[in-house]
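Please go over the structures that come below.
In the two complexes below, chain A is the common chain; its partner is chain B in one and chain C in the other.
After this line comes the complex of A and B, so read on.
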């Protein structure tokens, strides 16, 4: 199995809206891939399908050769675009929670990052600002030694300084065989860490390429190409 | 994994229930103190302020008992909805845990709190009413029961066992009915709560139709004395147990299937 994620003719239909229109796609292991597209293009739907939060209308999606289920959830570390933390917990309980359920969770790593960002493990999640919650969530997700990280808008809600820290965290925390899929529209920020890109629009894949190919063949940055492809 | 889910399920709900339990027991003790001092009996010798305090304490107690059962219901609904279908569902459903375990853990813990709430309410009444007289009539009551057991031995034991199983099963069926209503109601785009409530009523009507077709007129047909009524109940209870088991299984299946196939977290 060389592909960590594969879809074949994947269709997701919501009442009155075709969110994904026969998407076929393969993401090889060991890359950082940007899933890029304007708002409402189907990024989050695709990501939810990878995590088994939605079931496909038709077609197939495979994670490491398996349909999303208990087995794939063990190896996928997912950062949703909203905060999913249990309000009643403090940060310490939350790390215990992750440690209890995910065998690949490294508590020491989590505490190190929390300290670095000045977050007190005793703080209750209820009292935190939205940005801090997002940081905690990202720390939890990146403290796992997963095979696939799926990050939905990981830098959308934080300041530029933290943005750099987060991107560094992502690069420095993923091992050689791990794959990272990042969905975002802040392309210029993530461009420097990407190996490959997937452009998605209105539920269809517009382009898949490596970043090097774009630079060589098109002679422009991913950001510039994105602006050209998705020109309004 | 079920064990771990149970652990966090209990943790998250205990912080609601335990303080209420504590307050109810404390209020029962306070009421007991007022009752023992005859504060509730009107006479010139009793202190006005004490009387007011006693009344307030008793009213607060009653309010808390009512609140306890409302809270039990609210926590049951809110915890299921928020933790599985709300934002927290993003985490719950990406844990390497089967859908079964999610339902089981919530079902078990809710049942546990319902049973504990009943026990705490009963115990608080026991605290308030216990004195020489009530102890006497209570022991008389117990003796009466043991007499019945002696006389009817196996029949009485069987009836008790059946009644307990029936109560437990219908409590579980009722919790699962609420879960199934929530997951179906969640399909509607707007007014999810209202839709869930409608589904719940609908389930209730279907159950009533089935049960009244089966049991309709059966109880009223012949007037019986206590003993033959007991024999009659022994077989009837078994069929009632089977019905609650079937309803519980159907609601469980609906909840599980919907969460597996139709999951749609916003």
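After this line comes the complex of A and C, so read on.
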């Protein structure tokens, strides 16, 4: 089993909208992959299918060879685009919550990152700025020792300095066999840490390649290629 | 501090260059042990797999060698390092000449100009 995520002819229909149009894709273990596409291209739909939050209309999606379910949730650490954490909780409560919920959660790691980013464990989510909320969530997600991290827009709301710290956290924390799938619009920020990219548009995969192959063959950055491919 | 990398060239190739320069400039002297791929990747703020690829290329070219258990080291072969140093010098000189010719200078003028610049820079310490 060399692919952590695999889908074959994956189709997702919403009423009146074809969100994913027969997507076939494989993401190998041990890589950091960017899932890139314009708004409404199907990124979040694909991510929700990986996490079993949606069921395919047809086709198949496998996580580590299994259909999404309890077993796959054990090994997948997921950062959704919107928070599911309760407003009234403080950071310490949430950390305990994650610790109870996931066997692979490392509290020491979480506290180290919280401290580094100057977040007080006694602060409640309610009182935090949008960016700080995002940091807390990402810290919780990255403090698990998962096999697959699925990050839906992880750096959208944070400042560039924190962005660098977060990206650094991602590259220094993921273990050799772990895989990270990141969906984002901030391509120039993430492209240095990516192995491969997946371009998706209108529910179809437009391109899969490695960052260095794109630079070698096109003579331009992934960011520049994206702007070209998805020119409005 | 993340390494400065250009956006239009393969990242691994730029990493190879950076490490070569660090060796050539003596930051990593002959026989010196290199940091781990992971640490170097974190320092450069790049993907560890990309750093690994750069290391493999440097190993193939003979500038660094790996010892199964104890990590990677800079070659002890000073001639090899000198050779790379010279190839960089050649590259930089070619580029300089190309641009000077483009500005319309003759070879004699360029030599004179270089001599004068060197003199000035020596005077200024």
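Annotations for the structure displayed:
Criterion: the second predicted complex is superposed on the first by the 232 of 232 C-alpha atoms of A that agree within 3 Å, B and C clash if a C-alpha of one lies under 4 Å from a C-alpha of the other, contacts with A are read in each partner's own complex, and residues count from 1 in each chain.
Here is the rule we use: a contact is a pair of C-beta atoms (placed from the backbone, for glycine too) under 8 Å apart; a residue touches a chain by one contact, two chains touch by 3 or more.
If you're wondering where the values come from, they're calculated on a predicted model, not measured in any experiment.
Chain B and chain C, once both complexes are superposed via chain A, fit side by side. Within the superposed three-chain model, A:73 lies in touch with chain B and out of touch with chain C [touch as defined at top]. Judged by the touch definition given at the top, the superposed model places A:206 against neither chain B nor chain C.
In the superposition on chain A, contact of A:194 is made with chain C only, not with chain B.
Of the two partner chains placed around the shared chain by superposition, chain B is the only one that A:55 touches, whereas chain C remains out of contact. An angle of 160 degrees, to the nearest 10, separates chain B from chain C at the C-alpha centre of chain A in the overlay. Using the contact criterion defined above for the overlaid structures, shared-chain residue A:30 touches chain C, although it does not reach chain B.
When the two structures are aligned on the shared chain, A:216 is found in touch with chain C, with no touch to chain B. Contacts of A:85 after superposition on the shared chain: chain B is touched, whereas chain C is not.
This overlay, made by fitting chain A, leaves chain B and chain C with a least C-alpha separation of 27 Å.
Counting contacts as defined above, no chain A residue meets chain B in one complex and chain C in the other.
Chain C contributes residues 2, 5, 7-13, 38, 41-42, 45-50, 53 to its touches with chain A in the complex.
Chain B meets chain A in the complex at residues 1, 4, 7-8, 11-12, 15, 83, 87-91, 93-98, 189, 260-265. On the chain A side of its complex with chain B, the touching residues are 15, 48, 51-55, 70-71, 73-74, 76, 78, 80, 82-86, 88, 93, 97, 100-102. By the touch rule above, chain A contacts chain C in their complex via residues 30-32, 164, 167-168, 171-172, 176, 188, 191-195, 211-212, 215-216, 219-221, 223-224.
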